[in-house]
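Contents: one structure, followed by commentary.
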Amino acid sequence: MSWVETVYNYSYFVGAFGLIMIGLYAVMVKTNLIKILIGINLIDVGVNIFLVSLGYIKGKGAPIFSNASVTPANSIDPIPQALVLTAIVIGVAVTALSLSVIIKLYQHYKTLDISKIREMRW
Amino acid sequence: MKKGLSLYSQEAVILFVLWLGLTSSLNRQELIIGILISIVIPFLTPYPLSDMGLKWLSPKRILGVVLYLLVFLKALFIANIDVAKRVLSPSLNINPGIVKIKTSLKTDVGKMLLANSITLTPGTLTVDIRDEYLYIHWIDVEVKDIEKATKIIAGDFENLIKGIVE
Amino acid sequence: MVDYAILLIALPLFAAFLIPLVAMVNKNWPKYIPILVTAFNSVLSINLLLYLNAHNGTPFIVKIGGFIPPFGINLFIGYLAIILLMLISFVGLMISLYTINTVKDAESRYYMLFILLLMGVTGLVITGDLFNMFVFLEITSISAYSLTAYKRDGLSLEASMKYILIGSLASVFVLIGIGVIYYSTHTLNIADISNHINTVPKYIKMFSLSMLLIGLAIEAELFPVNGWVPDVYQASPTPVTTIFSSIVVKATIYVFFRVLFTVFRADLTVMNFVMGLGVITLLIGEISALKQVNIKRMLAYSSIGQVGLIVIAISSYSSMGVAGGIYQMINHAIFKGILFLGTAYMITSVSGTGKISDLKGIAQKMPISSFIVSFSIIALLGVPPLTGFWAKMMILSSVMSSGHQIIVALILFATVVEAVYYLKFIAVIYDSSEITNSFKSTIKFNKIVPIVLFALTIILFSVVPQFLVKFQDVLLKAANELTNVSSYISIVLGS
Amino acid sequence: MKKIIATLILLVFTFYTYNTIKGFRFGHDFLNAKTNNKKISQKIEPAGKHYLENNKLENNASNVVTSIVVSYRGFDTLGEVTVLFLAATGLGVILTLTKKEDDDENENDSSEGEPSLIVKTASRILFPLIFIFGAYVFIHGHLTPGGGFQGGTIIASAYLMMFLSYSNFKINHSIFKSIESMSGLTFISIGLVGLIGFGIFLKLNLIPMGVFNTLFSAGLIPIVYIIVGFKVGSELTAVVDSYRENW
Amino acid sequence: MNVLRTIALILSLGFLSSILFYKIRELRNLSIIASLSVALGFVIKFFGIYTGIKRAFSYKDLFYFKFDAFSNFFVVLILGVGLLAILASWNYMKEKKGETFFYVFFMLTILGMVGLVYSRDMLSFFIGWEVMTMGSFLVILQSNEKDRFKFALRYFIISLIGAYSLLWSMFIIYNKVHSFKFSAFNSSVFTKGELTTLLITISIGFLIKAAIMPFHTWASGAYSRSPLTFTAFFSGAMSKMGIYGLFIFLYGSIGLSAIYKTGYNEFFQTSYFQYTLVWLGVITAFLGTLRAILSEDIRVMLAYSSVGQLGYMLIGIGLGSTLGLTATLFHVVTHGLFKTSLFIVVAAIIHRTGKTKFHELGGLINNMPIAFIATLISIITLAGIPPLGGFATKWLLYEAMIEKRMFFATAITMLASIGAFLYAYRLIQNLFLGQRKLEHDDVKPAPLTMQIAMLIPALGMVFLGFFPNLLIKYTNLFIELINIDFFKLGVKVTDTAFTNSYGYWNAFYLGSAVVIIFIVSTIYYNLQRRAKIYKIGQLDIYTAGEYVTRETPLNYSFNFYGFIFDSLKPAIKYSVTNFITRISKEFIALSDFVRRIYTGNGQHYAIFTMIFTIITLIYFLS
């Protein structure tokens, strides 16, 4: 299997890890706190996509048995979806909290540059 | 935030209709919950839906709504083609600018509907409302006079909306 | 059956949700709720211990929602869990006693976060489900983020920001690890995963292992990824710092090894890597503490070092080593409880900024606290026959028998370094040459009582040999619970 | 320099990740695949398969994801709710108003930035509509995609819209706080009822299970989801409110 | 009735009463003294010298104690010196700031020491060892000196290094034989390298406590800064614990054959390891003496004197022959006696005058006659002048060294022994003789308890001088403990005389001869003196035509041996102390460098995390 084929077949994974990479890059390189937070959110989204795509089965549908055509045999794995729900909520919570910290930090230091916010060191 | 019974029931009815649309089912359980919810939610809303109350539900006004939708769709269609033409033409024949038009609508809902109708039809965009004046960003300013501009832009909408909300 | 063990989590949660309502009735009541909750949990964990003793010490599981284990979430409670639970509730109780009238603007929200932090740690210790563990990890860390920033000054916000940044990375890595392992075994129950882990391709298994290892190493404060620790310890309110150092780290270390031992059935390669991490953590922590002027920061680095020691002990993978590590966990929790609370009490009395030099000659004004602090330092250094010594003996003998002589030498070296800065601190507080600081002489019983109780536990552990021998049996059983995978599986999944 | 290091790190990371996911069989039907591993005596049954097949019997909810979230892994959901609660609380702690020197200036600002009539009118019309949509989502959590978290978020977005449109729009904090607390307490109480009655925490099939695929089915699952909806809605609203008050 | 348990009970009661009555001076001191004397009585009663009583006691198979002659030898030393020191402290520590806790920690130290001496397993040995270190550390903190923290810390840290070195060796042993018991040691399971490591780590542990030369840096500070009555105990009994430890670990547990396995030198008939020990001892004896000569502070001088004397003991240990070990054990006793006496004398002088330097004192002979007598006897013993006990040590030691053909080492040791006389002389010349300082005119004699405490050892020294054989006979009985043949060889002992292949010596005859000569010459001198008496006062001189008053300093005591100092000046800056100070400074600089890893920039931490990720992935996945 050539890598092109792999990338094509695993496009969900590629997308998910692509997002994670972009996020990690932002976390490691950008100095603006808001951008770093965006990076973290990108990572979160990437991980969530990764988790959801783990449950995917080719040619099967959502596990909601509201009409008779859906049966257990042709549903995808429901667990990752449940997990992602939790993961999203946790991501939201962390984002909310870190935003509030950043707001207060900005009021305190008058800057959003992470390399300048280092009163505590060594 | 006082509400009359009329305003209240108007909201409840609209919500119930929406609920029916959402569930798309006439199951008894759904109906019971729908009614309950439609009764409860108006208590929680801080502002009334509109100032009119139940009279909004007269057949004449519902007919007006239908009429308005038809006219609106037509205007939408025409204006879309118009803008597409302008965009695609190499000479880019545009003459953008902001004009001021005057509306005779009194209610907030009416003004809002008018402004949104104007915005949704391509080529024109409501920027702001100051009392009875609307400021419109127009892609091809034909006239600058308030009266004429009102006629061209607001045109049919104003009357139709007047029929619905006032 | 002992299904009421779930109250360990349900009740604190209930109390936390109740606090806003209580605060509406009376603003002074919420501060007593943590005491009630932790006292209840102490009683409950002692009760569980008695239950366990009455049933041959076989660990038991609690099924939540009534679903059989691989399909529902279950709790796993054995001696190890109960030791940690008792530690959590006891230290929690002491700290809640200490906290009364300490938080400046006595807000109910502080107590909510406090209880939820303890609840999260409790959950970490007893859960038997990998994803549930992640949820509790997040509960712990999010309440920790908030509590770190509680003082709302620049330092604490800065610390909280760093913590959030690194903590988010940790949760991401853990989540990726859980995802990969889920995909490979189609289950989330720790026992079930462990049952199937050998069918997973090696590469995928190791990838998942490294992801989880990284994420949990961040939470367990291992060396290259513990940059946030000193800052957080320094900036958060002292009761919170005490919880971090005494309890939270212990629970995360437990989780770290539960995942490595039970989920992945880690082999010697992994354990050597972890032991290396432990050694580096120990050395860097102790060496960095040497030149600190801020007392809390010094204690923070010391905590890092101690974490290294515990990790070395448990990663030696022999029952004696694991038991020693658990013993050291208990010891360290108590010592750091005394040190953080005692020094904080001293600092508030001289209204200092937290510098060590502020405490010059404080021993003449506060003889009891100073004596207890010095006593616990001496016990921490492992002077026999105090309790720290026995733990160190167990650790050293197990590391030695696993053939790592150099590591033994390094541990001893680190202890010497530790002795240097701790004794310097004792020298400062007992320095009678000049006292420049203003001193507010107010004896607060709610502050001195926890410290004294902690000291009594040290004496109990040190001096009563009969207790010590029995205790060692319990420790060995607890160690066995952590290392014996097959019995874990058979208890959770049935034969 | 930093960029080069970051790129290098990510390249190595990508390499190993790529190698790992190459071992995955994306879209493979693992739920119904036959295991050919005889090394292990224990039954290998993917948990997902078990849920799909036994859901109707055990929970009677047509949305399997919901029954997993609320019933099978209800403990996680309790944790999730706690996480949100924590975030709201922590936010409240961090963003507690400190006395500002320029209070007057602030008021002037707010009148200057008042949104236009269009926004105001539209949002006041849309508010109940969004609200009922949110309610619909969490009431039908066991039947359709969605549930308490989604519905709660939708409701919070309705409030967010109101905050944006009306700068003097205020919510009653104590009511929201009590909704938060009460719903949390109810959730745990439901769990405790199971514990007291049957010795099982979070037992959700305490009431009649109803007819499959109708509104009144799935035992306590919809109740729990409604509670979660209330809780999430009020908490997220409180979060948004905290942000707004701080600026 | 178990003797060990009784002794433990009695001592624990003393310890408890020191805690309970820590504020009531008389009750506390009396109870401590009572408990120590009763315990001492018990040990002496069940001494077991000639009957060879051995009593064992073990707890949970973990702790293992034994009551035998060898241990009793040291326990008598500990309890005796401890009793004297506490007796002396009654007045010395009175009204001092640290008095209340002084006794508590003193008793803790004694408890630890007795425990470690009776223990026959490494675990309880180590516990006793650490309790002793901790107790003495805490006692040092009870003194009034300003810089006590610095020196106490240095003492404790270095002791800790020693203890951990010991611990390490214990684990090496435990790891192989799976028992901490001394008797379980089996040299056949160890390789040569392991044995070498063992020997080195063990000896580091004990040499540090004995303050042997490269490890002596703590000694001068700790000895001089503790309360001086405790220093008497410290130097008189505690420093011997290093010797005891070496004895019991090297010869009692590991065994001579195992030591020979690490490398045997045919010419010296000893192992290289032992040869190193001997040379360490020689260097310590020489350099310690030198440092003592150059000291200006009485306490520091005595401290370095102790270091030097411990060197002699180490020589004997290193030789490992009957003669050598006998010499060591003999010296343990004599050194214990004269150092106790000397330190108590110095304590009394400092207690009465408040001065600590030689040049600040002088002419105290009339004020403190008893102290003078005690000092005189001690110095004669110290310098190894017959007929007192010191001579026996030297004699045995030189014979032992010559037996092993270490002639050069013997020469240096002799040189050191001359040096010992040089510094000891200062004690008489600068303290008791010469011109009295004005402010010291009405210095009272030493307090009664201190006088008793300094006289008892002096009597002991005189007794030992005449009957050294009683002790030597006793040491020969340790064969029972250390079942190695070489103890049986070489020495023949009768009640008064002492014979070996090198000759014959009867201390009693010699001593009696000296005494008779002394008496005869005194009588003769007095008869002569009666004829013409010239009594010349101290001030009966004049210089350059001026009368000398009492203010004029006539005593030459400052920088007494300055010429030696001048000639050694270039070498002195290369001292071990400076080296260690330098190392610790460098280490602190290193620690400052290391902690800069925590840059304070959150992003750096994130990058660390990612680097760690990469490292982990590379480690596990390739």
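The first chain written gets the first letter, and so on, giving A, B, C, D and E; residue counts start at 1 in each chain.
Definition applied: a residue touches a chain if its C-beta (ideal position, glycine included) is under 8 Å from a C-beta of that chain, and two chains touch if they have at least 3 such contacts.
Because the structure is predicted, anything quoted here is derived from the model rather than measured.
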Next item on the list: Could you tell me which chains are in contact with chain A and with chain C alike?
Entry: D, E
Next item on the list: When you average C-alpha coordinates per chain, which one falls nearest the overall C-alpha average? Tell me, please.
Entry: C
Check: For the chain pairs C-D and B-D, which is connected through the larger number of C-beta pairs in contact?
Finding: C-D
Check: If you average the CA atoms of chain A and of chain E, how far apart do the two points sit, in angstrom?
Finding: 70
Margin query: Measuring centre to centre with CA averages, how many angstrom lie between chain B and chain C?
Written below: 61
Item checked: Centre distance in Å when chain C and chain E are each reduced to the mean of their C-alpha atoms -> 45
Note to self: On a C-alpha centroid basis, what's the spacing between chain A and chain B, in Å?
What the structure shows: 38
Notebook entry, point to check: Do you know which chain C residues sit against two or more other chains?
Noted result: 131, 135, 138, 142, 145-146, 149, 152, 157, 160-161, 165, 169, 183, 186, 188, 203, 207, 230-231, 288
Check: Among the residues of chain E, which ones contact at least 2 other chains?
Finding: 595, 598-600, 602-603, 606-607, 610-611, 613, 617, 621
Next item on the list: Could you check chain A for residues that touch two or more other chains and list them?
Entry: 24, 27-28, 36, 77, 79, 86, 90, 93-94, 97, 101, 104, 114, 117-120, 122
Note to self: According to the definition already given, which pairs of chains are in contact?
What the structure shows: A-C, A-D, A-E, B-D, C-D, C-E, D-E
Check: For chain E, which residues are in contact with chain D within the complex?
Finding: 607, 610-611, 613-614, 617-618, 621
Check: Of all residues in chain D, which touch chain E in the complex?
Finding: 2, 5-6, 9, 12-13, 16, 19-20
Checklist line | For the chain A and chain D complex, residues of the former touching the latter | finding: 1, 3, 6, 9-10, 12-13, 17, 21, 24-25, 28-29, 53, 55-58, 60, 62-66, 72-73, 75, 77-79, 81-82, 85-86, 88-90, 92-94, 96-97, 99-101, 103-104
Note to self: List the residues on chain E that touch chain C in their complex, please.
What the structure shows: 59-60, 97, 123, 126-127, 130-131, 134, 141, 146, 149, 153, 156-157, 160-161, 164-165, 167-168, 171-172, 174-175, 588, 590-592, 594-595, 597-600, 602-606, 608-609, 611-613, 615-617, 619-621
Next item on the list: Please give the residue numbers of chain A that touch chain E in the complex, ascending.
Entry: 24, 27-28, 31, 36, 114-115, 117-122
